[in-house]
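Structures for review follow.
Each of the next two complexes has subunit A plus one more chain, namely subunit B in the first and subunit C in the second.
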Partner chain A sequence: MNSTIAMITFRAMLGRRRALLLLALPLLLLALSVVLRSTGYDDLDVSEDVLQKFGLATLLPLLALIAGTGVIGPEIDDGQLMYVLTKPVPRQVIVLTKLAVANVLVVVFAVVPVLLSGLVLTGTTARMTPAFTVGVLVGGLAYTAVFVALAVASRNAVTIGLLYALVWESLLGNFAPGAKSASIQQWALSVTDALTPASPVRASVGLAVAVPLLVLVTAAATALATYRLRSLTVASAE
Partner chain B sequence: MSELRLEGVSRWYGNVVAVNGVSMTVGPGVTGLLGPNGAGKSTLIHMMGGFLAPSSGTVTLDGTTIWRNPGIYRHLGLVPERESAYDFLTGEQFIVAMAKLHGLDDPGVAARRAIARVEMEPAAGRTIGTYSKGMKQRIKMASALVHDPPVLLLDEPFNGMDPRQRLQLMDLIRQMAAEGRTILFSSHILEEVERLASHIEVIVAGRHAASGDFRKIRRLMTDRPHIFLVRSSDDRRLAAAVIADGSARSVQLTDKGLQVEAVDFQRFTWLLPRVSRDTGVRLWEVSPADESLESVFSYLVDR
Partner chain C sequence: MSTSTIHDIGYRHYDGRRNGRAYVLRSLFVHNLRAAYGLGRPARAKVMPFLLGAIMLLPAAGSVAVFAVTDRPETLMRYSSYPPNLQVIIAIFLATQAPVLASRELRFRVVPLYFSRPVGHLDFVVAKLAALVTALFALMAVPVTVLYVGGLVTKAPDPGDQLLRYLGALLGCALFALVLSAIGMVVAAFTPRRGFGVAAVIAVYMVSTAVVLIVQGIAEQETNFTLSGWMGLFAPFNLVDTVQVRLLGASKSSVQVAPGTGAGVVALALCAVIVLGSVAVLYRRFRKAGLS
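Presenting the complex of A and B:
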C-alpha cells in the first residue's frame, strides 16, 4: 500500500462528476427501499428480489466496474500512470493500492447501500440483511480484482466488463445453467444463501465450490494485474 | 557520471519495424536525438525509460538493465511527451507527491527546490489544469528533477512552446548538463538540436543514420547536393551559364522554371546572382526544392 498513490486515486475518482455517477445507483436503491417500505410492499420475497436483483446483480457489478476500471484505466489511457511508474515503487504495491481504493469505493457505494436498504426493507429478519451485505462484500472483492486486471490488460475494459456482467451473468445465466456456475454473482449469492435461512434466497452453486472460486479468481486477477503492469506498454509508443 | 548504452536494439510491432538495430552510447552532456516525425525517436526513448521492452538487443544504464527494473528510476528522470499530468492537483501537490513516491527524506524541501529550479514558484499553488502548455512542460520537468537524477530523458520537450519558454528551457537544460548530468532529448527540428546539443544522434525510419558532433553533421547536411527551383526572365540562357561554371551537376528546364542540382552549395549561392547579372537575366524566384528535413535525413541515410 502506498498512501500517495491512494490519495491521487481517491481524488481522481471523487473529484469530478464521477462521484455523482457513483452515487446515482445507490440512491436509487435506497429510494426504492423507502418507497416499498412505506407502501407496505416489504415482505420477504419482494425484499429478497430487490436486494438480489438490484443490489447484488445490478448495483454491485456496475459499481465494481466503475470503481475497478476507474482507479487505473483512465490513468493508463491519458498517460498519467507514467508518473507513478517512473518511481522506484514495486508494481504489486501499485496494483494492491489501486485495488484497495476500488474496494473502499465499492464498500461505500455498494456494500453500505445494500446494508441500509436491507435494514429499511426487512430489518434483520431471517438474517437476510447481514447475509446480503456479506455476499455483496465478497462478490465486490472478486469483481473489483477482475475489473482492475481487465483495465490493466485491455483498453476496452469497460465494454468487456459490461458484456460480462450484463450478457454473461444476467442474460446467459437465465438460459444456460452452465453459465451460472461461472459467475461471480452466483458465487456471492451462494455465500449469502449459506448465511440466511430465508427461503427466497436460492443459490445455484454450492458453497464448497463458490468460496474457493471466489478466492481463486480474486488472487489470479490480482496476480495478472501485477504481471501486466510490469510490462505495461505506454499508449504513445504504439 | 552516468552512461546509457544501447546495443543492437530493435523494436517491432507485429511486422512493422519501429527501431532497427540501433547501437549508441549516451554520456554526460546534452545529446540531441534528431529525426523526422515517426522515425522511432519516441520508441527509443521509451525503451531507454523502461516503458517498452526491446524486441532484441539491450538497453542498460551504467551496466544495469532498464527493462522491468523500477529501481532504475532512482537514477533516471523522464519527461514524457504527452501533456497530461494530474490536472486536479496543484503544481506543488503534484511535485510533493512525486517526491514521496521516490521515498525522499524530506519531500517538501525537495519539491520546493525542484519547483524553484524550473521557476514555477508563483504558479505552484494553482491546479495544473489551469497551466499553459509551457508551464505544464516546466512542472513535468520539475517532476523528473525532484530526486536529482544523474540521467534525464526528455521526449520532444519543446513541442508547443513559445520562443521565450523555449529559451528558458534551453537555459535550464544547459545548466543541468553543466552539473555533469547525462541528458538526452528528442526533436524533429534541426535548429533546436543544433542550439542545445553538443552531440547528435540522427534516427531515420528506425535506423541510426548518423552520430557525432553537430558541426560534422551540419556539414554533412549542407554538403549534399541541393536542388533549387529558379524562375527568371530567360531560363534557357541562365541554364547555359550555370552549367558552364561547374558548381551545378545538372540543370533541367521544366514548365515551373529551371531546376538546378547544385553540388557545391556555397559556391552556387554565391555564383547565381553574379551569373544572372553578367548575362543580364532577371531572377524572379529562387527556392530550395528539397529543404524539408526528411530530404536531409534521407540523404544521410543513403550515404
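Presenting the complex of A and C:
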C-alpha cells in the first residue's frame, strides 16, 4: 500500500463532479426502496427482486466497472501512469493500492447502499439483508479485481467489461445455462443463497463450487494485473 | 509608446471560391460518421464497433438460415422486434461510440479551434448528432435488411405484407437511432473523462430499464396493465416500442406498452422533446466549451 498513490487515485475518482455520478446510482436504489416501502410493496418477493436485479445485477457490476477501470485505465491512456511507474515503488504495490481504492469505492457506493436498501425493505426478515450484503461484497471483490486486470491488459477494457457483464452474464445466461455457471454474479448469488433461508433467492451454482471460484478468479486477476503492469508499454493517447 | 500602427506585411487575401455552410456541415458529418466506426483511426478503435456490428448480424443470419432449412415462417424474427431484442448490444455500441463523438474534443479542449473557423455552433452540434444517428441506424437497419432480403430469397410467405412491415421497422430503427443518440450524446458531453462517459451512458440505459422493469413487474402482479404500459415511457427502448406498436402497427416487443393511439402520439411527442432538448443542451454545452 502506498498512501500517496491511494490519495491521488481517490482524488481522480471523486474530484469535481465525478462523485455525483457514483452517488446517483446508489441513491436511486435507496429512493426506489423507500418508495416501495412507503407504498407497501415490500414483501419478500419484491424485496428479493429489487436487491437481486437492481443491487446485485445492475448496481454492482456497473460500480465495479467504473471503479475498477477508472482507478487505472485513464492514467494508462494519457500516459500519466509513467510518473508513478518511474518512482521506486514496486509494481505490485501500485496494483494492490489501486485495487484497494477500487474496493473501498465499491464498498461505499454499492455494498453499503445494498445494506441500507435491504434494511429499508425487509429489515432483518429471513436474514436476507446480511446475506445480500455479504454476497454483494464478495462479488464486488471479484468484479473489481477482474476489471482492474482488464484495464491494465486492454485499452477497450470498459467495453469488454460491459460485454461480459451484460451479454455474457445476463443475455447468454438466459439461453445457455453453461454460461450462467461461469459468472461472478451467480457465484455471489450462491453465497447469498447459502446465508439466507428465504425461498426467492435461488442460485444455479453450488456453494462448494462458487467460493473456490471466487477466490481463484480474484487471485488470478490480481496476479495478471501485476504481471501485465510489469511489462506495460505506454503508447500515445487515443 | 503612445502610437501604434498595424503594419501591412504583405499577406495575400483569399479571393477564391468559398465552399459555404453546406460544405462545412457535410465535412463535419462525414468526419464524425467515420469516427463513429473508428475509420481513419488506429485498428484498436475499429475493433469494438465492428465486433458489435458483427454480433448484431448474427441473429438475423441465423434466423434466415433456420428458416431456409426448416421452412417454418415463425422462425423468422419480427423486423420491429429486432432492436428491442438486441437492445443490450445497441446500448453498448451507443455507450462506447457516443463518447468518441461527444467527449474527445471537450477532453482535449480543442472545441475553440473549430469555432475559430467558419463553423456555426448549431451546425457543429447537428452534424455530430446526425453522424451518430446515422451510425446507429446503420447498426440496426443492416441486420433488419438482411432479415428481409433473406426472407425474400428463401420465399417467405406474403411478400407484400413483409415489405410493409419491413418499411415500418426501418422507420422504427430511425426513431430508435434518433432517441438513443440524443440521450447518449448529452450524457457523454457532460462526462468527458475517459471511461466515465461509457459508464455514464450505460448507467442511464441500465438504471432506467431496471427501474422500469421492477415497477412493471409489480404493476403486472397487481394486474394494473395501464400503469405498467405508461411506465414503459421511461425506458428508451420501451418508449420507441410504444410508438412502433401504437402508430406503426407492429406487435409489442416490450413487457407492456401504453394503451390506445393517444399513447403512441404521447410517446412520439416525448421522443421529439428528447431530440430537440438534446440539441439545445448540446448547443449550450459546446458553445462556451474550452474558453476561459
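Rule of thumb we're sticking to: the second predicted complex is superposed on the first by the 236 of 238 C-alpha atoms of A that agree within 3 Å, B and C clash if a C-alpha of one lies under 4 Å from a C-alpha of the other, contacts with A are read in each partner's own complex, and residues count from 1 in each chain.
In the analysis below, a residue touches a chain if its C-beta (ideal position, glycine included) is under 8 Å from a C-beta of that chain, and two chains touch if they have at least 3 such contacts.
This one's a predicted model, so the numbers in the text were calculated from it and none came from an experiment.
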- prompt: With subunit A superposed, do subunit B and subunit C clash or fit?
  reply: fit
Message: After the superposition on A, what does A:231 contact: first (subunit B), second (subunit C), both or neither?
response: first
Field: Degrees between the directions from subunit A toward subunit B and toward subunit C, using C-alpha centres, nearest 10
entry: 70
- request: Would you sort A:65 into first (subunit B), second (subunit C), both or neither based on which partner it touches?
  value: second
Field: subunit B versus subunit C as contact partner of A:78, first or second or both or neither
entry: both
- prompt: What is the contact status of A:89 with respect to subunit B (first) and subunit C (second): first, second, both, or neither?
  reply: first
Message: Tell me the contact category for A:4 with respect to subunit B and subunit C: first, second, both or neither.
response: first
Task: Considering only C-alpha atoms, give the closest distance between subunit B and subunit C in the superposition, rounded to the nearest Å.
output: 10
Message: Quick check on the output: what are the common subunit A residues between the subunit B footprint and the subunit C footprint?
response: 78, 238
- line: Contacts from subunit C onto subunit A in the complex sit at residues 41, 44, 47-48, 55, 88-89, 91-92, 95-96, 104, 191, 193-196, 198-200, 202-203, 206-207, 210-211, 213-214, 217-218
Task: Please give the residue numbers of subunit A that touch subunit C in the complex, ascending.
output: 18, 21, 24-25, 28, 32, 36, 41, 46, 49-50, 53-54, 57-58, 62, 65-66, 69-70, 73-74, 77-78, 155-159, 162-163, 166-167, 170-171, 238
- line: Seen from subunit A, its contact residues with subunit B in the complex are 2-5, 7-8, 11-12, 15-16, 78-80, 82-91, 230-238
Query: Which of the residues in subunit B end up touching subunit A in this complex?
result: 13, 42-43, 46, 49-53, 68, 70-74, 76-78, 80-82, 84-86, 88-89, 97-98, 100-103, 143-144
